[in-house]
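Next come two complexes, and both contain subunit A; in the first it sits with subunit B, in the second with subunit C.
Take a look at the complex of A and B:
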């Protein structure tokens, strides 16, 4: 009996030797890829500027001082515009997202082979393109202004809201659907009485969460001409008016903090 | 007699129970919509003018031009991808100490406050705004983009890691403490096994986000495919711009697909 135990090692290892070898090679490849990417990325980097960065940073910070508080008078209107872009954009996006979510959910889609892939593609396309790029496109088409910003925010929100909602629809309790269907309800009634009540709290909370993100995103849409406080930021940066830039940063920070606390509170009340 | 008291028609219970709150919310929404729509000025003649360009852009999507600007697109893509990888790795490495520091059950109060404050600052500013500052400080180019994305990654991951640590089962930590384990051993044996599956998933998710963001920050001078896209737009080369957008969509979908597979295997 004693000679059989000698086949076992004294200490316990989580992985076999081959596994360890594979893991080691994978890590090696990963590190090599990382180093190579780092080198390619920094081919055109001027290290002189990077070394100079702390001084630059100190310089810019010192130029922001003293903050030009009087500029705030000119900021209220753009700030209001920013909030409108985010809110109207979210509203528009949510309205479009709801039907798309139903078309994309595998249990409510009318056609799993044609309609569902299209809906999923709309969601993926909307999610992969940032609202700033949408705004860049729309400013070109619609001209600068709030409308471009609103539509950009809406287009970006569709994917986000629809994705989270269709995942919610796929996870609903099927017994309720069966119960309502058993009463002889039409498919619209099933939707209205069995599915929507189940997803509504989640859907509203997703929409409010997106609104919170949109406030953040709409602050920079003005950089490409789509209205809001970003226009002021762009103008102040172009004229190197750092005291105004600092004030705009503070205004943005304040708005973001307030909207985040509102959204957190409402979502807590909902769930 | 009592049966008459019951209504014969059933109505769904409303989403917001208080009638007063429900109607005042509706009123507020109406007033706000009226005010907000009033502040939107639309220059319809400009829109009509732009419709033609819009159509050309839609046409460009049907016939994207990958070829004529391919060297520039390729360079932008390589910049974006390398930037994404480097900043995600650097961000993860730096997010771990901040995440540990921002977990209330692991560190003393002052470390907690410092780390949470750093995370809050990193999260409240949009990547674009950080990119503007970084481009001013580090000079235009990929390095500014790298710093931007790293900074944003730290805030994102550190918060989620910290929340994850605070939600771990405390018994494991107590048991490790009872054995007299050092702080590092506590983290290594009681915390790390509990959080690592989800954390790896989050890191992959952040890789996705970083690629998407790397496509945008080029607009303000931080390198990557966004810079190429911006140039294409400025020069009205819609077919090249459409090609770039399609590449971005395709890459994001591929990345999402693979990270989904990996996340499923880990969890």
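Take a look at the complex of A and C:
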């Protein structure tokens, strides 16, 4: 046995000597850049305050105590508003996102040179602006209230849902599309029978995931006047009412936990 | 005039590679043709050029006296309704039910609102039930396609193609994804159905023995060109070498013959 194997080399390296050297140099450069960046970024940091941070944190925490549970009576309504903003905003966004996704996907777009770039631009524009900034703009245009919040959430959701959906459309099984096309079906029928059934699970889970994110995002919209629990948070912070702030944190945490478990359950049931 | 006539059909995907090179082929009514050849010989391209899932670069495809290559989109949709197609990986819509998959064979005949609301005409539904009974799936009507086994899915694929009431079947490697026993059952079902309805068919198949056993006329394709067109019994080692290249073919043919005999005895 040993005679037959001894003809073969006993050393093997994944990378050649030169490749290993290059990798080592790249790591060195990366670490050096990181250290230098850290120094530049923190030139203005007052380390005196940072050293003080644990004490400040303990101080604020102690002021939150005892939590003012009675304040909850005033929180139920804005909390309900927050959930409604998230839900209606998501629904509106999803309805608008679906056709945009079909216009943006390279295999379903009616026109790759005009329509597709427009759809992609809408997606990029929606995604690049945070919902808090959308809300700021909309409060100025529409005035304060729930409507501004709902539309802000919808505008932000369009890009997210449309992007993930159009990527799903581009990855569908082409043979199924060919099979339905081969029966003599029209293009709307191909959409209905071959494409939509393939992307539906992906689309539904994206929409629910977005709703879950929107619950969290809508909790801060009230800080700029777009309705929901953020208004109470802003007011409590402004008056240094720490026991109320603590209760609001707890309320938001509770809502997020509940919405996460709902979204997990619905997703499981639908797919 | 033949039922289907391919004249000098050529398909070029890239500048210096011909997938099909001047393929000329006649198929008569009721005739089942087995298309054999190595992977990449252009078998799939050839049958996809007939219903223009792939556009031929040159040549004509005359089906029932009409050249399909020149048809407008609308006319092509109409022509496709009478050409049924069966696929290698079944190509069912996995999340739809067996019944929806079979009824999708009627898409070219019904208006959009009927297909969207799943309200097919009574005679279409009746025919779908009859076809599901014929392929042995009457108990699985409301199951989702992805809940079926490979053999069952291919039966749904066959029922979908037949729901079109086609005048021609294009069958692309119907057994490639199936185990040997199921493959035989599916091939037998297809050849029985073609005989019952005197339905002409082109069957792409890479298994020479299956082809010899179930198909009378064989066309051999190599590098996009027809290199053999004759009876299954004329497939000699020399012919197989011409189609597939050098190999010891004597055992393949002998074994195939024995298996065919065993099949006949069992039947």
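The definition used in the following text is that the second predicted complex is superposed on the first by the 257 of 271 C-alpha atoms of A that agree within 3 Å, B and C clash if a C-alpha of one lies under 4 Å from a C-alpha of the other, contacts with A are read in each partner's own complex, and residues count from 1 in each chain.
Assume contacts are C-beta pairs under 8 Å (C-beta built on N, C-alpha and C of every residue); 3 or more make two chains touch, one makes a residue touch a chain.
It should be emphasised that the depicted structure is a prediction, and the values quoted were computed from it without experimental measurement.
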Contacts for A:64 in the overlay, against subunit B (first) and subunit C (second): which applies, first, second, both or neither? neither
After lining up the shared chain so the two structures overlap, which partner does A:72 touch, if you call subunit B first and subunit C second: first, second, both or neither? neither
Looking at A:124 after the superposition, I want to know if it touches subunit B, subunit C, both of them or none. Which is it: first, second, both, neither? first
Using the touch definition from the top, say if A:96 reaches subunit B (first), subunit C (second), both or neither. neither
Could you say whether A:200 touches subunit B, subunit C, both of them, or neither, answering first, second, both or neither? both
After superposing on the shared chain, does subunit C or subunit B touch more subunit A residues? B
Please indicate which partner A:40 is in contact with in the superposed arrangement: first for subunit B, second for subunit C, both, or neither. first
Partner chain in contact with A:182 - subunit B first, subunit C second, else both or neither: second
Subunit A residues contacting subunit B in one complex and subunit C in the other 193, 197, 200
Within the complex, subunit B is touched by subunit A residues 33-34, 37-38, 40-42, 44-46, 49-50, 53, 56-57, 60, 80-81, 84, 87-88, 91, 124-125, 127-130, 132-133, 136-137, 140-143, 145-147, 150, 193, 197, 200, 204, 216-217, 219-220, 223-224, 233, 237, 249, 252-253, 256-257, 260
Interface residues, subunit A side, partner subunit C - complex: 173, 175-176, 178-186, 188-189, 192-194, 197-198, 200-201
Touching subunit A in the complex: which residues of subunit C? 48, 51, 53, 77-81, 83, 85, 87, 89, 91-96, 100, 104-109, 112, 115-116, 157, 160, 164, 170
If we count contacts the way the header does, which residues on subunit B are in touch with subunit A in the complex? 12, 15, 32-33, 36-37, 39-43, 46-47, 49-51, 53-54, 57, 78-79, 81-83, 85-86, 89, 124-126, 128-129, 132-133, 136-139, 141-143, 146, 212-213, 215-216, 219-220, 226, 229-230, 233, 245, 248-249, 252-253, 256
